[in-house]
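Listed next: structures, encoded as structure tokens.
Across the two complexes that follow, subunit A remains constant while its partner is subunit B and subsequently subunit C.
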Partner chain A sequence: MNLLEVKDLETHFFSRAGVAKAVDKVSFNLEKGEILGVVGESGCGKSVTAMSILQLVKSPPGKIVGGEVLFEGQNLLALSEEEIEKVRGNRISMIFQEPMTSLNPLFTVGEQIMEPLRQHRGMDKNAAKAEAVKLLTDVGIPLPEERVDEYPNALSGGMRQRVMIAMALCCRPEILIADEPTTALDVTIQAQILELMKDLRDDIGTSIIMITHDLGVVAELCERAVVMYCGNIIESGAVEEIFKHPAHPYTQGLLKAIPKLTDDSNSKLYNIRGSVPNLMDLPKGCKFANRCDCCMDQCKTSMPDETFVSKGHMVRCFRNGGCENE
Partner chain B sequence: MKIRRVKVTTVIALVILVIVLLMAICPQLLATYEPLEIDMQHKLEGPSAAHWLGTDEFGRDLWSRIVYGARATLSVGFGAAGIALLLGVPLGLIAGYFGKTIDNVIMRIMDAFQSFPSFLLAILLITIFAPSVTTLIFTISVVSFPIFARIVRGNVLSLKNREFVEATRAFGAKSPYIMFRTILPNCISSITVEFSLLAATAMLIEAGMSFLGLGIQPPEPAWGSMLFYANQYINQSITYIIVPTVTIFLVVLSVNLLGDAMRDWFDPMKLK
Partner chain C sequence: MQRSGASILKYSLKRIGLSVLVLLLVTIIVFAAVRMAPGDPVLTKIGPYGDQSQENYDRIAAQMGLDQPVFIQYFIWIGQILSGDFGVSLRNGADIGDLILQKIPVSLELIIVALVFAIAIAIPLGTKSALKPGGGLDQTLTVLTTSALAMPGFCLGLLFIVLFSVQLGWLPPNGYISFAQNPVENIRLLIMPALTLGLFEMAVFTRFLRSETISVLGSNYIRTARAKGLPQKKVYYKHAFKNTLVTFVTVVGNEFATLMGGTIITEQLFGWSGLGWFIYQSVINRDYPAVQAGVLVIALSFVVINLVVDLVYTAIDPRIKLS
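After this line comes the complex of A and B, so read on.
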């Protein structure tokens, strides 16, 4: 049973220079208790996809122009502002990339955690405070009784991200959307935060959508992954499958670009040539065609459809995974 | 423990303002004479044991007139700044937060208000509504509330795209909550500074208006009008003009210093 079903989601940004199709007919599913990775480079539409789910895209310039987001069968995109406010933070929560700026500098950590508790769960002040201390304990913050009265500037980045997670989890949401939660943190803290998210999934059964550009994070945390490029999902499937048998030349390129300990230190690191096309002026065919090593004539004229190379492993490439040059 | 360091200048400013506030609330406690008591034998005298700050052209005690004049000046200063704040802050908040047409409509109205030369508009309004403390408060707040609207709007525009505002929305907060509890507290420092600047400016406008004869009317004591009359006797008594000048200077300076101190006070980053 799918908890969340995103169908043909389209979010465009309108500006004087033209229309940028940041999310172009994106479809994916999320099962209960699953951790799904959404991978792609900056500007490929990962974050906009996540924001669209909760109707958080700023309008103007952004607008969700098509598609459905079915959450337990209910289309979130059809909800009014008032109805979606009851979902946000309550049943679907989100944490952001920059823990340093995601907390209001003028209120204590406790006050900020108490707010959603009071709004969504109708707790009174004392109950909310007790719950806030408990949540801080759950996310592994030492001395929670003292930290609860601290202002965010007294906490480190890792601590603040834990506070954000505590806030996001305070109503035991069915889905947690994490938008690059560890990008701004150093590697040891990153590992702790990922471990924490995994534990929380196991404890309260929250499904997680993990948005990242770090394939290491995906490998460590996720069960399934979708790879995005220029607003499209170009490959999706079980993480193991994607890492072992990447079918799309872009995914293959990304994996090849990770330096390995066994590499000859004098050899040049691999990179995908060219750069991402301008979203306002996309090529007609496959958007990756101009950077692809095994581009064919038809790639330049039409976008390939979804094909399955194995069970549950989808790719949008005319080569169907048959591009293993070099 | 959280201890905040307080600067010496802040303490001095606070002491001056407390004294002036006392003058405004209970002048009879501090004054040594009746402010209107005429004594032609001792006119235009310098400071002495009997008259601490000297006397004016009618032999009235300057210290007592300063004490009794505080109420008018303070009411105008804080009254005008307060009303301007109450009008301007919500308008700026609404304009900045909702943007688009609402923003355009509100800010064009503010433009219209600000396009008048404020001193001339003040003179016009005072001529229509007879000079008094109330008219001065009303006039000064009318010419200055767009400043608040503009400052708050600017703050809101930059704040509403900050991550913590986005995060608050992602946790299900409603628009009024985001406006008043998330964004507004982050504007407090600019508002405090602007309030203190405006209170000081309002006192100066009051002095200016009284100086022009459009403010507080004689014989009621007011610092600005004292300045006006002292001007005519500048050759006979130098203390007469120095006393109101220095008083206005000290109070305006104290208000500004205190505004700065309050801004630091509201900033949790300064917690030691």
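After this line comes the complex of A and C, so read on.
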């Protein structure tokens, strides 16, 4: 059974210049215990999708205009602010891209971890503090008894992200949404954080939505992935399937753009030609048409529907995976 | 690194050392400025009906130490000040140190009441309007604060006098009676000057708090606080407010320090005989030692207030490096 079902989610941003459809009818499922990757370049709507699940999109200018987010059958988008507060940080929690600025500089690490424990679990101060120390130990922070009373400025980026993870997991949530948690960290720390998340999933059984632009992270961590482009999911399926048989020209391009050690060092790096269209002025048909090497006439007039190229492998392309550009 | 008591002490001592240096510079500037001002203090001392002969002039000048080279005069003056001697008023021979000591609490009463009034109103208004930028409250406040900032103090003060004293007859137009002498009259006399200064400061604070709160609310740690499932009140009044407060302390401190020398017109207008009033009278009467002492005291309070703000700031913000 699906733990989380996102159905036709639409989040738009309203400004004087017009309406930007950051998330345009996005649907995907998350199974219990699964790690799902959400892949796409900056501005494709992956973070906004994640923020929409917990109603964290800043409004104004953002607004969820349609769709449903079913969490164990309950539509999260229909909950009042007070009701969604009971879900946030408790049953679904989130960590972010910027560990350096995501902790409040004026409260100690301990105080910040204790807050959700006291809020959601009604722990008293002493119990919460003891639990905070234990959590810091769990996420691999040395000398947790001392760290717990320190301010975030005393910690490195990697340590701060560990604190964020400890905070996000303190109420043993069913879902952890990780919005590019390793982007700001250097590679060795990245690997440690990914390993930590995997271990925690195995220990606690938390399902993870991993938002990233890094296909390496997806290959490393995720079982299934959805690929987003301009507010749409254009391909989804098992990670292995997507990496071996990418069906959408955009996914193919992304994979091709990863430099390999075996490449001739004099050859030019591959890039997808053109650039992402303006979200306020999207083309009528397939949003990738202007950059696609297999573009046909019908691509310019209508957006292809979901089709399955194999079991569980969905693509939105008129070529149905039949475009292997060279 | 934990912040130990020793490192805070070290930081404080360093800051105090710097302040002393600033004050030294201030004494030089004040001394020079007064020497360069038009008018002759010796003639002021002699007065229009005194002995105008050259001998008398030289005698008085020597008495005042004005026959010495300028830098010697400076050192004599500094020596006197360090021993607490501000000299005597040329106008009435009273001890300037005593006069200033009497005037400081008078000004402080006005300034503190004005600031407390301004802060008490600005905190709820500024924060509330930041929660809904562009909303009804926000737009109304923008109009009101812009008007308050655009209106010069003396103009607003005159309007108050016309309204509350002349038209309505509720409040006395000017004067000063100490709180100890007559608390009710003291407060009745205080209301209009405090409002005149307070409304302007309120506008300054409200605008600052509005923009600062908006920027704090946009920061990542606020997003984290919301993502943790904290109730909105806790997000706003605990996580956001404490961060706004850090910078707000500096702004209040600056305004406080500025007001120490910025009440001259208001005090004069309402006859509130504080430090500003005293300096104005001394300038008008060419009472140079008094002007010199008054300006120095204002500069001193500016430096002291800034020092205190710095130390408070250090106490509430762990990010400030103490080295």
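Observations
Here is the rule we use: the second predicted complex is superposed on the first by the 326 of 326 C-alpha atoms of A that agree within 3 Å, B and C clash if a C-alpha of one lies under 4 Å from a C-alpha of the other, contacts with A are read in each partner's own complex, and residues count from 1 in each chain.
Following the convention adopted for this analysis, a contact is a pair of C-beta atoms (placed from the backbone, for glycine too) under 8 Å apart; a residue touches a chain by one contact, two chains touch by 3 or more.
Worth saying up front: this structure is predicted, and the values here are computed from it rather than measured.
When both complexes are superposed on subunit A, subunit B and subunit C clash. By the touch criterion defined above, A:C292 reaches neither subunit B nor subunit C. Once chain A of one complex is fitted onto chain A of the other, the partner contacts of A:I165 are absent, as it touches neither subunit B nor subunit C.
In the superposition on chain A, no contact is made by A:V6 with either subunit B or subunit C. Of the two partner chains placed by the overlay, neither subunit B nor subunit C lies in contact with A:L215.
In the superposition on chain A, contact of A:L254 is made with neither subunit B nor subunit C. When both complexes are overlaid on chain A, the residue A:R88 reaches subunit B and subunit C alike. Of the candidate stretches 7-15, 25-33 or 61-69 in subunit C, only 7-15 runs into subunit B once the two complexes are overlaid on chain A. Overlap of the subunit B and subunit C interfaces on subunit A: residues 54, 56, 58, 82, 85-90, 93-94, 96, 98, 101-107, 115-116, 119-120, 151, 153-154, 164, 167-168.
Those residues of subunit B that touch subunit A in the shared complex are 100, 161-164, 166-174, 182, 185-186, 188, 266, 268-269, 271. Within the complex formed with subunit C, the subunit A residues making contact are 54, 56, 58, 81-82, 85-90, 93-94, 96, 98, 101-107, 115-116, 119-120, 149-151, 153-154, 164, 167-168. Touching subunit A in their complex are the following residues of subunit C: 1-2, 218-221, 223-232, 234, 239, 242-243, 246, 316-319.
Subunit A makes touch with subunit B in their complex at residues 54, 56, 58, 60, 82, 85-90, 93-98, 101-107, 115-116, 119-120, 151, 153-154, 164, 167-168.
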